[in-house]
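Consider the two complexes below, in which subunit A is the common component and subunit B and subunit C are the respective partners.
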Partner chain A sequence: MVTENNVPAFSQFIKNGKISALPKAGWLCTYTPEEIIIANGFWPVRITGRQKAKKAEGYFPINFCPFIKSSMEDLLASGDELSAVIVTNSCDGMRRFYDIASKYIPDLPFFMLDVPRNQNEFAVRYFANNILKMSAFLETISGRKMLLPDLTSAQEICNEKRLLLKKLSNFFRNDQKVIGARNYFNILITSMTEEPGCFNTDLRSYLEYIESQSRHNQETPAIESGDAGSRQIPEIMILGNFIDEERLWEIFDELDCKISADDLCSSSRYFENIIQSGNFSNIFGRKQELPNGEISIDRLLRDIAIRQLFKPQCMRMANLNNKIEEINKNIVKNKIKGIIYISQKFCDNTLLFYPLLREKLNDKNIPSLFIEIEHNNLSVGQIKTRIQAFLEII
Partner chain B sequence: MYTCGIDVGSVSAEAVILNRQDGKFEIVAYIITPTGGDSKEAATNVFNRALEKSGLGASDMSSVVATGYGRLNIPFATKNITEISCHARGVVHYFPDIKTVIDIGGQDSKVIKLDSKGNPIDFLMNDKCAAGTGRFLEVMARALDIDIRDFAKIFAGTSQKVDISSTCTVFAESEIVSLIGHGVAKNSIVKGLVYSITGRIISMVERVGLEGPVCMTGGVAKNLAVVSALEERLNLKIKVPEEPQITGALGAALLGYPKE
Partner chain C sequence: MGIAENIKENLKLKIQNNLDRNYIRNILRIIGKRPVLAAYGATFSSRSDKYLNIATIKSISCSYNPKNTVAYGSLFLPYEMFHALDLAPFLPEVMGGFTGGLGIADRTLKEASARWYTPDLCTFHRSASGAVELDIFPVPNFLICSNLACDAAQKTFYMDAKKFGLEDNYYLIDTPYDNDESSIKYLAAQLESVSVDICRKSGKKLDIRKFKKAIRLSNEFRQWAIKASDIRKELCMYPKGFDGLNFILPFHGLAGTKDAVDVYKTMYFELNGFLKKQKRGNIKNTGIRRIGGGWTSVSNVNSININNNNLSSSSGNAGSDKVKKILWLHLKPYYNNNLFNLLENNNYKVVFEEISNVYWPVLDPEKPFESLAIKMLSHPLNGSVQNRVNAILKMAKDFNVDGVIMFAHWGCRHSNGGARIIKDSLKEQDIPMLLLDGDCLNKNNSSEGQMLTRLQGFMEIVDARYQY
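Let's turn to the complex of A and B:
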């Protein structure tokens, strides 16, 4: 057995992340294909709303997505570090962000990637075409054309990152106390902001270290104290939109619970569903347009479009029954006892989905807790009371 | 066998010392004091005073359970449990058949749903906003220059009410200043305020799902104007413990005993 919190935080393993000289392209939504940014010679950096909204408050109404406001603050503070920004039409907040940021930061080129809400052949074709337009936009900035080897190589980098994060996620689910919720979710955010190749190297060495520690601890029987052996730790699932609040994750570390599944825009929705070229092409049971084994940019774009549209979906997609189905599978697979649904304030997509989800969960006797938070402005005491009370109940 | 429950809230801190003998619980002593600016000091103070009142020592306590927003800052507590579980347990001690608990304290309001065995199964808390809490009433009483203890008398003796359109404490205060400026009778404003706070609570009750019998706890349960307005609008009789303010501390003391 591995003892609690005996591995250092990932931040101590970051050796290469900030040394790349590549120009940076910002992105906000996980429906943005990072492969295209990398293939066009850019370092994809997710805009995570690090800054507390101050100046940005003047650009948006009071009752507006706090994550978008903070993202605008990030751009106002350090937008000059970016060469371009890719925005998607995922929600109203994102669209308004595009309108305002592209108007008031005129020197920064913006591209609006239109992401369809359906999951069918037409949506895939439409999205693949839009991804091609996004590439053309980046080509005008880089001054060079994206070639097949660029895209193949970018895809390999992204796939490796997804595989490494999946491995990390499995480790976290199996032994949460070793990695810690705060550390785990911080690694995920780092994976979206560090230079991808360097991040992969750092995470690979971190995972090797964790595995060696785990093996060492398995060989050395730990002395269990108190009633730890008999205590039942509730297995929960966390669901929501973009959540990056260190203090919130610390609350989970402080309380006795196990996050056995997570479905956030800042967690599994980012890395799940790995592209294996050609494997996706038959997803609708139709004859492949290209001969087996032939790799082309068109085929890779189609695979990327399918990967994006069929990854664990955001609540903005048209068929919410699919989302409920996904959640149910997670509940069964991970023996989930309760769901904590966390939403940024004023997020229409997540707020409108919760009543439907709650009704379906009640039918299955799965209790759920709804928490509305304000990005970068967490009311720690109240949130901790709610989470602790929910865990006491389940 | 004695246990102590300590509830450190935003406005007041309470301690209850409980004895269990032959399967029956007896409150040996309880203390209520203002929390002030130091929750740790308030907990120590209320604990020592309760011990003094009971004639017992700290070593006589088999457990000290902390609850309330200050529960994490009490070094001598043997465990901490949220006020949601503690209020539910405290209420069931008085009224075993309760299905819905309305707890309105200084900075929080909560609606807790209980199952047939008295276990909490669902709850709602107010957001980070003073509307619908004791603080709302305190601020409004100050703006009106009326003693909050007179609210019940005014409420019962006034038929007219004005609508307080704002549910935000800060905006409601300015609205009241404006109403006073326009010469609206203070009694009508009081009635409007009580309806405003109860409106907020009722929306929480409806979201959790109203099921009787209903019990009210927390300091605001002592305000009969609020209790009457809730009874009128929910169309049912609300049970209130003899000392509603100690329900959380009592529940904490009860949860200090091992499960039978």
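Let's turn to the complex of A and C:
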């Protein structure tokens, strides 16, 4: 696969896939602090529901999150490749996923990480304590204790990944045709499943490559095809939950539109908000530094807790006004003309947020398109027609 | 149709034809007056039902009275806190159930759909949101919700807060997953902080004496509720009109009031009277064994007079003269339906409901916030489904049930998502479970014929488990 500008896709660019000997620990939600998994000697692998739910259908009711069912199918098919799974208390569906998976896959250790919904001092303290419990769980599996250098090093890896992804995201916004929507969203998924150190190296090289390609394209006079140069391409924002559908992203590559902002738990909610040690600790006006400026595990855990709770938020969080504000900022900053809101079916948090968002968008005269999809079961033709019609309107 | 039913039907019709907050307030004002309420209460044949209805009308009337400080609350909050803060509670989810009973759910659901609530969402929340948008529900001063058990309330309450311009008076009590020291601390701190903030906004001081009083009343209510439950362990012969699934409002919303104490005290004495009658009657333990072991001793109540209607069961005669005990999980359809008639006609009795289970320990009035936090965290629907399974297995054992019916309400992810584990866990104890898919409010989303057929099939299985 190559993008419109003949840039190879990331998956093709990475010719020699490196295999890590590290044991893998699965995770599902972006509120999971990957740093802790890495610091405990594991390769964090996001469970992305690659398999179409078949056996998993028997464990869940019919009107249940299709992503969760596919994730269960993944575990039933290849759970033995994992040493542990971290589940978060992010929604009703995830709680039941934890119950079902831990009961019916008894050989695989599971940990439930409770993530608060409020964003205040109580919540930060509570969450930092829960992250510590998660680390203790991983320590019992790895058989070794997480030390301060482990955590600082893991944090550096995660921060670098977030910076690289942020760079990629900016590049995608500015020059979408070079990277391509399908390629961009695939890279994001790869960032959550590949060994972080190797991924960072690969993405760094890829970014250098596409930057040079982009420079080359700018230096080469463009050959205008038809009236594409004079037409204004609508700038849209994609909003939703966990969306990993190659065929959906292909639609955006095929249509004349520019994804100028995205807010999915498979995109910016994963990499935004980079930890800069010391910055976060002052968020509630309390300086947490040790007298001699030393860094401690407690301090880092607090930083991680704050980073996670204050990153671009999921619709599960209490203060929905904050979410609306985040979206508004994106609209203004990126001159968004329309929003495509994509939700997995039966995701209550996302579905219940839409009525509120739509009303707020109406006040600002921003049109929105609401699409409900079923993970691994996309009705491409129908969705393409709806997106086309929406783009015509805006 | 009796007098009580006639009055109820007339009220229903009036409300259906005048869907308006002020009209409902006026109706409540009239029937909430003591003599009218007493006359209304006298129409009920069951004293428990009478007290339930009176307490319910009183509570709803208070929330519609603009003189009171009204707070919307989600179902599993500790309402002792509301009463200690002098807040008149209004439970939109419970009242969403009332929209089904009042026959107005079609309209409230339609309104919710028009506002982009998808039909995949829980109808309790959708109907409540529709009712708020239609200006049927009272205007609140505060909105307090929790994520205990389900995610939906925190969203719908926020939208309600926005509608009333009360975003600053919206509180989410973030309920932790585990029931441990750090969770109790986190939750208690939130309860205290919310209470302090509400007092500040109401221009009052936090009065711990009121908390102590509410908690003492809550403990008293708890004690009577347990005593009433204990009676039901043996009881097969119930007062006419008694339905444990109707007591959700006093069980939650009135906890911490004298009304809750009165309702459950009345229930205890009434059921105790029936138990005495039952014991005096032609009732004995048959010693019938269930095939495959499990718990034994099923009461044989030959003297129970079952009302006949046109429904018939295909379950045959096997064991049809023995009362089969059913534990009911989750809620029930609140519109007219024949599920319970079919059960009754085939000598099946719902002897206990999951929602009637007293799940929390005695509360300490000296530590109000910590106690209320413990109450919330003790709820079997909080945390792992194993908590719920443990509670269900205990209820099944305590009430010696022959089967369990779980009403799988459409859109309830937390409950239905655990159905497989619950069913498997009951199977390990040799207790059959029926998962009855339907919708508690939207009759258009439930196929009654299908439900009755499945119920008949289930009864055949249970009947076949007896040897004579």
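Heads up, the rule we're going with is that the second predicted complex is superposed on the first by the 382 of 394 C-alpha atoms of A that agree within 3 Å, B and C clash if a C-alpha of one lies under 4 Å from a C-alpha of the other, contacts with A are read in each partner's own complex, and residues count from 1 in each chain.
One rule holds in what follows: a residue touches a chain if its C-beta (ideal position, glycine included) is under 8 Å from a C-beta of that chain, and two chains touch if they have at least 3 such contacts.
Just so we're clear, the structure is a prediction, and the values are computed from it rather than from any experiment.
In the overlay built on the shared chain, the residue A:T152 is in contact with neither subunit B nor subunit C.
By the touch criterion defined above, A:N334 lies against neither subunit B nor subunit C after alignment on the C-alpha atoms of chain A. Contacts of A:Q382 after superposition on the shared chain: subunit B is touched, whereas subunit C is not. Using the contact criterion defined above for the overlaid structures, shared-chain residue A:S142 touches neither subunit B nor subunit C, since it reaches no partner. A count of residues in subunit A touched by subunit B and by subunit C gives the higher number to C.
In the superposition on chain A, A:E392 makes contact with subunit B only, not with subunit C.
Of the two partner chains, neither subunit B nor subunit C is touched by A:S20.
Once chain A of one complex is fitted onto chain A of the other, the partner contacts of A:E372 extend to both subunit B and subunit C.
Within subunit A, the residues touched by subunit B in the first complex and by subunit C in the second are 372. Within the complex formed with subunit C, the residues of subunit A that make contact are 58-61, 63-65, 89, 91-93, 95-100, 103, 112, 114, 116-118, 122-123, 125-126, 129-130, 315-316, 318, 320-321, 345-346, 348-349, 351-356, 358-359, 370, 372.
Those residues of subunit A lying in contact with subunit B across their complex are 367, 372, 379, 381-382, 384-386, 388-389, 392-393. Residue ranges on subunit B touching subunit A, taken from their complex, read 69, 72, 81-85, 108, 119-123, 125, 127-128.
Chain contact summary for the complex, subunit C toward subunit A: residues 115-118, 120-122, 125, 147, 150-152, 154-156, 158-159, 162, 167, 172, 174, 176-178, 182-183, 186, 189-190, 193, 383-386, 408, 410-411, 413-414, 416-421.
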